[in-house]
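Both of the next two complexes hold chain A, though its partner changes from chain B to chain C.
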Partner chain A sequence: MGQVKLDNVWKLYGTFEAVKGVSLEIHDGEFVSLLGPSGCGKTSTLRMVAGLEEISRGNAYIDAVRINDLDPGNRHVAMAYESYALYPHLTVFENVAYPLRIRKVPDGEITTRVNDICASLGITGYLNDCPSALSGGAQQRTGLARALIRPASVYLLDEVLSHLDATERTMLRAEIRRIQKLMELTALFVTHDQLEAMAMSDRIIVMNDGEIQQIGTPEEIYDTPANLFVAGFVGEPPMNIISVRRVREGGADFLSIVDQKVAASDLGVGWIPDLDEFFVGIRPKNVTLDTADSAAGIRGSVHTFEMLGDHTLSSIDLGNGEVVFVVDEFDVRLGLDDAVSIVLEPDHVLFYDPTSGDLLHRP
Partner chain B sequence: MGDHLQIRNLTKEYSKGKGIHDISFSCAEGSFTVILGPSGAGKTTTLNLIAGLLQPDGGVIEMYGHNLERVQPGQRRVSMAFEDYALYPTHSIFENIASPLRARKVNDATIQEKVMAIAELVGIDKHVHKLPSQVSGGQKQRTGLARCLVRDADIYLLDEPIAHLDAKLRHRMRGEFKRIHKELGKTMVYVSHDYREALALADTVVIMDGGHIVQIGTPDEVFSKPRNTFVATLLGDPPMNLVPFDTVNVSGGTLEMVSSVGCSAISGTAFPDMERGDTQLGFRDFTVELAADASDNTIAGSVYVVEPIEDQRVYTITVGDHRVKVRTDRSVQFDLNAPVHIRLNPQKIHLFDTQTGESLEGRG
Partner chain C sequence: MSDLQGKLTIAQSERRFALVTALPGLIALIVLVVGPLVYMFFNSFFVKTLAAPIPPRFTWFGNYGKVFTDTRFWNAFKNTMIIMVVGIPLQSLLGLSMALLLSKPFRGSRIIVAFFLIPVMITPIVSGFQWKIILDQRFGPMNYILGMVGVDPKAWLAEPFLAMVSILMMDTWQWTPFVTVVLLAGLAAIPKQVYEASSVDGSSTWETLWRVTMPLLKPMFTLVVLLRIIFIFKIFDPVYILTGGGPGISTETLSLLTYITGFKNFNVGITSTLAVVQLLIMVLIAKLFMNLVMKKRER
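Moving on to the complex of A and B:
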């Protein structure tokens, strides 16, 4: 079993509201990420589940048992930290074995279990080394092995990849995901890295300013960000947010972008919000460079152009400082200041409310 | 036009074989050259030798055909931006940028004009009145860059000029850099360890490792025709996949590969006929497809892990005892441990000697 439920949970430090009424559920065998910038309340939320912070208001449950007043040791949680927090004088084997030793597990069983978990984390070669002899990556693998070796309802992973170099991070990211899937562990993972969250999670909970912004699968979060914060935080380069005015002329709707007018019908989006002004959101991958000079084209000039090996990245200046990023095929070639037209792929056009920043849903 | 900067057999020895050894390359007038390599490759040493901050143990540096051996750093008409920007803490951003002009007794009106033009170009113009302690690390680095570019020089030497910016800002600034180069039209030599900067900015990429030049070429050449496995894995994220085979046989464009875990055949390659032992097959993650069944041009593996990234999926596939990455559309779905077949594009595969790492393209 491994289920977590938070019901309107708050964390207050004096008068400062670090977590404001968070409600969420993590299902058995699910990998869920808490994603957000520093100070968004993600770590406080994790620490309240772990029992390292008191829950100021609201209720938390693990496997349907209310845990607000339970000691950390009685919550059936295992935790791995950003700082590896290994015992420097113990070998890798003894560091990993430690949670079993204090539970008086027999020696033979300890040996088997340590060897198993260390093999799946690729640290079998270091069992007799002390932590100081290891790379950061191997130390973090040891920290993870120590967290994963004991049965727990839920595994809490606090920024466990953030101190590693890029190569180690990418490798360990995949290893953790594989182990979690194979062992069907329930995991709550805290990260500020949107790529990590996307790569590892069944579902992502995006937080900002102590509040949940959106809960969804990586695909849902990427395809339809619930508001401008999520749109800007998830995806690199981030979603283009284009300021648009709606103009009605001769019974037809036009969208005015900088000083260019495009008929809503030419854009092919089928529906536009009933507002005078709004934002259009579109991913750089869903903007195409238009050579045919079609009616839906928006004219601009090439501000920057970069060949990046497997793709190209350009930014198109539409005037008045409105710049749209375009991710295109690797063999596209543009010169700076070239005149070009861009077309927004209609299926991928999103609309956002200029006041609330929220996604405007089609009726 | 013609060669503005020419470097021939340049050598600088440090203890334990460190330093640079027999470096030769040239830069055309107004060109953008990126020296790319990991730390310790000798990139900064090369730049310091061009600037005259170090004396070479051998070799020649020429500017417009003129040997610089006896030319003092101050007389070389080069301007250098350092990774460690070293700003004057008590001077405003404006005065920091202006300092090389003040030292040359340029008049105030010209200074005002030049400093503001450069400040705008690097995007620091709104902060010129502030002190270094009042701006972010990224803005400090832009200030250092502006101070380098404000000088009237023939060649600008830029040592990791955007390395300290956070990822998002670095990506933005990378694009802007090409504009800066276009506006100024000057010869630039830029040092980086980030392959994206090299591909995006360079006319010519000079790839260094361990004090030696490994390959010189256009961004397209070094990315699509890497000379060895070092270059193949230095460029690209993820790096090029490499799978070792015990024997490889090419006959009439058909490639037969045998390893301890199986054999595969690829037809329609451009390789010359060959028959050889230890060979690595190289391919990039975005040039292949995943299929449930074996067919022409496939190699067999199993799914190690799947990661959804943006609108795609990144599969890690176990092939023999190696792991490779394959990028697919989101619609391609295989479960953990499922057997799969990787369909290769015969025009987009590479062969390397396993021992030396050298590319076997164009060799019989």
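Moving on to the complex of A and C:
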């Protein structure tokens, strides 16, 4: 069993509020990511679950037991660390065996279990080496093996992929997910990399400024970001956020984007918020380009154009510094300053409140 | 012909630079260390004294024979070993516990560390006289304080056993802070995350100390013990000032015996022999110790 529950948890460092009233639940066998920029409180939250930081206010539960006052060793958690935190004086074998030695597991069983977990993480060749002799990837695999060798209610992974090179990161990312699925482990993973969070998680918790911004599946987070922060943080390139004014003329609604007026009905979205000003959010892949002179849509000029293998990325200047990113087919070729029109796919247009930054839901 | 012809290669210019920078040190080493050392070995093969106008006489290993059959030499050897065998573990243990105490910073811990260094910084001869006053049989604070808890006054420096205890006390007072400071540096070098990993892995404080802290402190411990072996071989001030090797020769150490032979009796031949013997013993002990440490590490 592995369940984690945080109930209005705060972390204060002096007067600085690092974590402000976070409440969340992680269910048995679930892989949950805490995603956010550095300093957003995600690592503090994880360390409070581990017991490495005191919980300033609120309650934390693992398997329905309140853990606020328990030692890290008594919380039934296992952890892997950003900078590996291996025991420098011990070999890979002894590093991985360490939690078992502490638990006085018989030698024979230790050997079997260490060999098993090291095989599944691909570090069997390093068993007799000391950590300093290993690459970053092998060190992190050792760190993960040390965490996974023993049963725990929840496995805490603190930025475990951050220090690895790109290839190693992609490989290990998939392997961690595979092991977690196969062994049905409950995991809480901290990362600042939205791609990692997307790729690995059952659910993502986006944090900023000590507060939870959104909790949802990767699809929910990607398709309907709950506010402008999430919209800007998740996705690469990030979601386009376009400032829009609403104008009523002759009984019809018009949207004023920079200095261009577009009939609301032309946008095809069916509903627009009842506000004078708001933001339109749209993913770059949901914007289409039209180079024909007569094309309807919002007019602009090509600011930058990049070919990225299987697709192209262009930024379109609508004037006044309003730039829209567009991801398009590979066979499109644009020259700088070419005049183009952009069309937003109606189904994917989102509206955000300009003051709160929150998503405005269609009725 | 190109300008590049005849220029120094990288290796050549590096070698030239190395030679120029190392030369002053090399000259100093030859004049101040190698020269006297060779002269000392040379002298140890001669019957040679400054106390009488007798010309030096070559004696092969005669001086060595004399030294090794001299009970006074073995007495001094025994005393030096006692200080080493009792002093080093005592100072290591005290130094370790103080380092552990001071390793977690608390209010005023920096000031305490600074105060700690005082015994190391005071000129040994000054602290020697301080201890002589402290241990004075009639007027010393030591007996006064012991008197308050009902202990009779002790003749600290006049009884062979207590005289040795006194020397050990002063040596420990003087050198424990050094051990503490070196071990503190060692403790500071252990990453905090390793301790965190250990606590999440379920170790108790004791297990962490034995399984993580101590093994990681080992290089520092090795350094401290090695230095202390060398320092104790040279121990002079506490012995010279507190007891003068007495009562009798009960606290005489090798260094004091060498000093007396050389500068009281002016026997150059025997003094050189004693110095050579000490050098060899010291190298031997250090080598044995390092072998022990290295062997354990390999395992």
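As a working rule, the second predicted complex is superposed on the first by the 357 of 363 C-alpha atoms of A that agree within 3 Å, B and C clash if a C-alpha of one lies under 4 Å from a C-alpha of the other, contacts with A are read in each partner's own complex, and residues count from 1 in each chain.
In the analysis below, a residue touches a chain if its C-beta (ideal position, glycine included) is under 8 Å from a C-beta of that chain, and two chains touch if they have at least 3 such contacts.
Here the structure is a predicted model, which is why all the values come from computation and not from measurement.
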Practice problem: Would you mind checking whether chain B and chain C clash or fit side by side on chain A after the superposition? | Solution: fit
Quiz item: On chain A, which partner's contacts cover more residues, chain B's or chain C's?
Solution: B
Quiz item: Once the shared chain is lined up, is A:Arg173 touching chain B (first), chain C (second), both, or neither of them?
Solution: first
Exercise. Tell me which partner A:Gly270 touches in the superposition: chain B (first), chain C (second), both or neither.
Key: neither
Quiz item: Which partner does A:Lys181 contact after superposing on A: first (chain B), second (chain C), both, neither?
Solution: first
Quiz item: For A:Pro218, is the partner it touches chain B (first), chain C (second), both, or none of the two (neither)?
Solution: first
Practice problem: Give one of first, second, both or neither to describe whether A:Glu306 is in contact with chain B, with chain C, with both, or with none. | Solution: first
Self-check item: Closest approach of chain C to chain B (Cα atoms, Å)
Solution: 11
Practice problem: Show which residues of chain A both chain B and chain C reach, each in its own complex. | Solution: none
Quiz item: Which part of chain B faces chain A closely enough to touch in the complex?
Solution: 167-168, 171, 174-176, 178-179, 182, 195-196, 199-201, 219-220, 223, 235-236, 238, 284-286, 304-305, 307-311, 314, 316, 330, 336
Quiz item: For chain A, which residues count as touching chain C in their complex?
Solution: 50-52, 71-74, 77-79, 81, 83, 85-90, 98-99, 101-103, 146
Practice problem: Under the touch definition given earlier, write down the residues of chain A that touch chain B in their complex. | Solution: 170, 173-175, 177-178, 181-182, 195, 198-200, 218-219, 222-223, 235-238, 283, 285, 303-310, 313, 315, 336
Exercise. Within their complex, state which residues of chain C touch chain A.
Key: 191, 193-194, 196-204, 207, 211-212, 215-216, 218
